[in-house]
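Below is one structure, written out as structure tokens; the observations come after it.
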Amino acid sequence: MFKKILIANRGEIAVRVIRACHEMGIEAVAIYSDVDREALHVRFADEAYHVGAPPASESYLVAERIIEVAKACGAEAIHPGYGFLSERAVFVEACKEAGIVFIGPEAEVMMKMGDKVRARQTMQAAGVPIVPGTTEALTDEQAIAFSKEIGLPVMVKASAGGGGKGMRLVKEESALQSSIERARSEAMASFGDDTIYVEKFVEEPRHIEIQILADQHGNVIHLAERECSIQRRHQKVIEEAPANRMTPELREAMGQAAVAAAKAVHYHGAGTCEFLVDKNMDFYFLEMNTRVQVEHAITEEITGVDIVKAMIRVAAGEPLGIEQNEVQISGHAIEARIYAEDPEKGFVPSPGELVVYRPPGGIGVRVDSGVYLGAKVTVFYDPMVAKLVATGRDRPEAIDRMRRALREFAVKGIKTSIPFHEAVMKHPKFIEGHYDTGFIEEHMGGAFDPGEDEEAERVANIMAAIAAYRSAKARAAGAASSTQGGGASEGQWRNAGRRGQMRGGLR
Amino acid sequence: MIYEISQKKSKKPARKVELRELEEGQYEIEIDGETVHVDAAKSGRTIYSVIEGGRQFEVSVDEKGPRDFDILLRGRLFHLEAVDERSRLLAASSKMASSGPQTVEAEMPGKVMLVKAAVGDTVAEGQGVVVIEAMKMENEIESPIDGVITELPAEAGQTVENGDVLFVVEPTPDEGDGSKR
Amino acid sequence: MFKKILIANRGEIAVRVIRACHEMGIEAVAIYSDVDREALHVRFADEAYHVGAPPASESYLVAERIIEVAKACGAEAIHPGYGFLSERAVFVEACKEAGIVFIGPEAEVMMKMGDKVRARQTMQAAGVPIVPGTTEALTDEQAIAFSKEIGLPVMVKASAGGGGKGMRLVKEESALQSSIERARSEAMASFGDDTIYVEKFVEEPRHIEIQILADQHGNVIHLAERECSIQRRHQKVIEEAPANRMTPELREAMGQAAVAAAKAVHYHGAGTCEFLVDKNMDFYFLEMNTRVQVEHAITEEITGVDIVKAMIRVAAGEPLGIEQNEVQISGHAIEARIYAEDPEKGFVPSPGELVVYRPPGGIGVRVDSGVYLGAKVTVFYDPMVAKLVATGRDRPEAIDRMRRALREFAVKGIKTSIPFHEAVMKHPKFIEGHYDTGFIEEHMGGAFDPGEDEEAERVANIMAAIAAYRSAKARAAGAASSTQGGGASEGQWRNAGRRGQMRGGLR
Amino acid sequence: MIYEISQKKSKKPARKVELRELEEGQYEIEIDGETVHVDAAKSGRTIYSVIEGGRQFEVSVDEKGPRDFDILLRGRLFHLEAVDERSRLLAASSKMASSGPQTVEAEMPGKVMLVKAAVGDTVAEGQGVVVIEAMKMENEIESPIDGVITELPAEAGQTVENGDVLFVVEPTPDEGDGSKR
């Protein structure tokens, strides 16, 4: 087993990997940019090295520097987390050349699965169902012709895409040309590659994905599914495991498809096969993520398997040590991604210092976070503050628990999406468990309205008066002590310093 | 102290809240014609724990300005403006006089804490000239118009009575061109 | 189901019950003493009422006042937590008279099981094995004669005892008389009752207890066992579930004994049968606790059953809704009780304000706590700050996880037992899983020594220099600004105010 | 600045730590004959994150007195005393002189921050008389014996050089009876 692992990431996922290392008795090496010197992932690490300026392109994405650090400190392996360098085949190659183990699949496999078009071809060949559509790069003309052939609505997608970028739903023929153009330009801007393809749009689509684990000895298992249909602008917001309306047969079929896909490319490590499931419960392969997912925690909760530790073990060449028939699902888990964003203002990021941070606790509640009280959320990175996971014996209990945990979660200094999640947990359609990827758009509005609460409003009014009173009193007390304290000239000087505070005291 | 609380971006009418501090953190509040006791505890880097009639609420208060507060409880964010009645009256009276030299008087007994300008100074409308403390509250008395200070009898440390002249401001000559900043 | 429940307790168990209420959609009413106005259990409650002065005898133990509050606010039931009024039959009677449901067994059952002598008689009648000894109150002479009859070593115990008070291990005949006297006087002082009895001392004794749940319709199940052999002065410090070296057969036998015991007295609610298990794996009934235990969380972790919610449900007359064969054990859980105490000074309480409080998080970690950053730990109540529970797929993973979680747990302002727990988690005898109730005395010393750590010592030395430097610099900066700020007289005045800080600046 | 760090209730020899502040939170440290760079970050209500040679430690520091610190890391609590060399020398020199009038001199250039006694005052051994600031550090210069101040040339604000007399203290007459306080 490795003695020292470098984590080429930051935030909650870096903390997650450090935890796995420490539980395995492995030393964890953190890297940090200028603004992350006091970040939690640095505080938890055994070693920490500065790698550059705040923009990721000058720190967390500088492959050479990170590999240099790993070599210098004697780290035998690098865990990439998600995002950043986690799906860059060139980085995987560079690690190999430097004699460092990349904790994830081979570069070749990553390239095969990272390119959506190639991935679809590979999957089709392995007998995995895919959404009717092209599997090759298309010219604009081909894309239009093919769209008419399979019938609208269709999805125009960037081959190199991800996270909703370079993706367009087209419902009418007249919008085809412009949608293709926008998809291409977005893809070029985001990924430097404007290759696109076209897919049939699946009706009442649900996003269900299968977690797999594979070792280097040909053992591949799946850890059942996660439902990630609650999305905003194609970004997952709430995930749950197991999926709603799942049957043992469908799980078996989807699980086998995912295992077959992994075996087809001699995959090793943790991976996720994303599928669309339509209203008839037919499923179609979408893409494979060749890294740990944000939402891996809910699978850990219902299976008891530590996915990150398993990744490290198989990267070190150890066998999985768990057979498919040992994977038992018990209970239900829900994850809410808590973002530093303002739900009232269309979810714009809300950076700042956490002047209050009191995460929830107790039974069935897990918080994976990269922050702490006093930490600063900057504009440079992903605005996710914490992943809140609630687990219960069944789905209703998980929802009740999530609602309770959200209520306990106290954050001040930044705005968060907590009120949004509270609204979702109270929504009848969510509680019913019958929803698809259109849920937020259909039921939660662009912004959202948590509804009236007379009692809360009354207390808010009282507190506004108390706050105004306390604020004015504090200012008066400050003024009083300054006139008492020293001579006129000093008083003048001090008051000048407080002027900002007093501005607008009475208009 | 009587506050008028209005909710921003809302058509709801302003609500009147009368407040009397009993001791640190303990208030007698009159709202909607009802008098209640409110215990608003806060220590260290925490949020308020408010108990009113036995009901307990955790309330986060963000001061956006001396009378603007963002108040979050039970997943609901309220943007509230709290104007104390006295300030409102003062503001109204200073608005009424609108041409010629303006004489600004004390509206209630208090103590001059700070004089922020001198005779001959040019001041802008809304600029603070004198700071008066009354009822433990500090109030900045602003110039009602753009102009020049011509009289300034107020002195720091001085006690003023209702009606005492604080300062006189003469409109700036070029105010006729209608292009106030 | 109830709409409103009053929790007649404070600290982590009050928070625990509030969480259960909120997950069930029930309003939770807190009570508080003067020093608890800002305690977490108040902050989490829907309603909160002041009940008196800091000493429990003037607040949390004043039955009449608490019942009055419950009636006034319309609470339909009272959850007593553990400690305080939880095992006072008179309180149960008073609730009944007031028309309020007491969440726990009937007064009569509580009396039967609360008196150790009566409990032993009851159990013996129900066919449950008990430690050889008397079941009746004894005179000094009888106690001495009986001790000689069953052979030393023996335990002299107070009938009304609990928590290690009024309990004496006697190894030699010469010590019998004085031990009996001391046990009696302790029992009189603590419980107002000096009745004692004598028991055979069990060799290599392990404390293993069975959690049971019973409804009002005659359904009784057990949720397997917990091992609580890590004790200091007869107080549990670390617990784990399942027990070490447990066999399915022994679990079945002990579980059946506990269920039989509960059925014998028509028990309802949650309860715990405590057993001693000797080196031959023979087990003997010790006593029954007729309330929720501190360590109930580890059972929840391995069974997925929310014990507190179950208590509420059965108190409301609902059936258990879970059959014995549905109780599945998966994984292993360990609880470490984090106390505000100084392990260096014989574990004396260490009250104070939590100026830093960062509980651990992530996979498999549960924290049940009644504090938060800025909260004050007072001398008035139990010094337990938090229960830290680590759960893994197996015992080694649970230990690894506990070690990791203890490392993450940052507390400043009070001393805690965290370093002690870290030492236990590294101890070969604990890791081996072969220990008995003598573990701490034998292996951890009266105080304990965490062992040498050259690197830590070096960094501590460096930090001492840095801290001294920063401290002196801060004082100099304060002095500089004061001489700058005003005239000589003011400077003098200010310096006087700072004198305390400077004392001993240079001797 | 050189510190001598000793561990209380320990027979281990004191360790010498030389410290030079490079910038806020950044130090050059010489320890055990090695020179290392130490980055000690601390913000808000947290504990220190210390990075030395790439190694990272979370360290809790409790100031029990101006030179007494309880330092907790990796589950180990160290009770350390940090005495800066200058203070130690000063203390030693003041101890050496033990009978007759004692003249206390400045041991290095600095500035008199505060004079805490006057000529004619009775002072106890160890009682602070003058506070001197040198190298950003404040040092309280104490009376070496019980006695009466007879000379006190030091004045607040004054700059002193090495060897300048700060004050003179004459032993209390009754010191002969051996019953000091």
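Order as written gives the chain letters A, B, C and D; numbering starts at 1 within each chain.
Note that contacts are C-beta pairs under 8 Å (C-beta built on N, C-alpha and C of every residue); 3 or more make two chains touch, one makes a residue touch a chain.
Remember, predicted model here, so these are calculated numbers, not experimental data.
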Pair exhibiting more inter-chain C-beta contacts, C-D or B-C: C-D
Gap in Å, rounded to a whole number, between the CA centres of subunit C and subunit A: 38
Approximate Å spacing (C-alpha centroids) for the pair subunit A, subunit B: 45
Separation of subunit B from subunit C, taking each centre as the mean of its C-alpha atoms, in whole Å: 52
Sites on subunit D at which at least two other chains make contact: 45-46, 55, 58
Where subunit C touches two or more other chains at once, by residue number: 44, 358, 372-373, 407
All touching chain pairs, where touch follows the definition stated at the start: A-B, A-C, A-D, B-C, C-D
Complex interface listing, subunit C residues touching subunit B: 29-30, 37-38, 42-49, 73, 353, 372-374
Residues on subunit A engaged by subunit B in the complex (per definition of touch): 344, 355-356, 358, 373, 406-407, 410, 412, 415, 418-419, 422-423, 450, 453, 455-469, 471-473, 475-477, 479-480, 483, 488, 491, 495, 502-507
Partner subunit C, residues of subunit D touching it in the complex: 1, 3, 5, 15, 17, 19, 21, 27, 29, 31-32, 38, 40, 45-48, 50, 52, 55, 57-63, 65-67, 69, 71-78, 80-82, 84, 87, 90-91, 113-114, 126, 128, 131, 133, 136-142, 156-157
Parts of subunit C lying in touch with subunit A, wherever the complex brings them together: 15-16, 19, 22-25, 44, 297, 300, 304-306, 328, 330-331, 358-359, 361-369, 372-373, 393, 397, 400-401, 403-404, 407-408, 485-487, 490
List of subunit D residues in touch with subunit A within their complex: 39, 41, 43-46, 49, 51, 54-56, 58
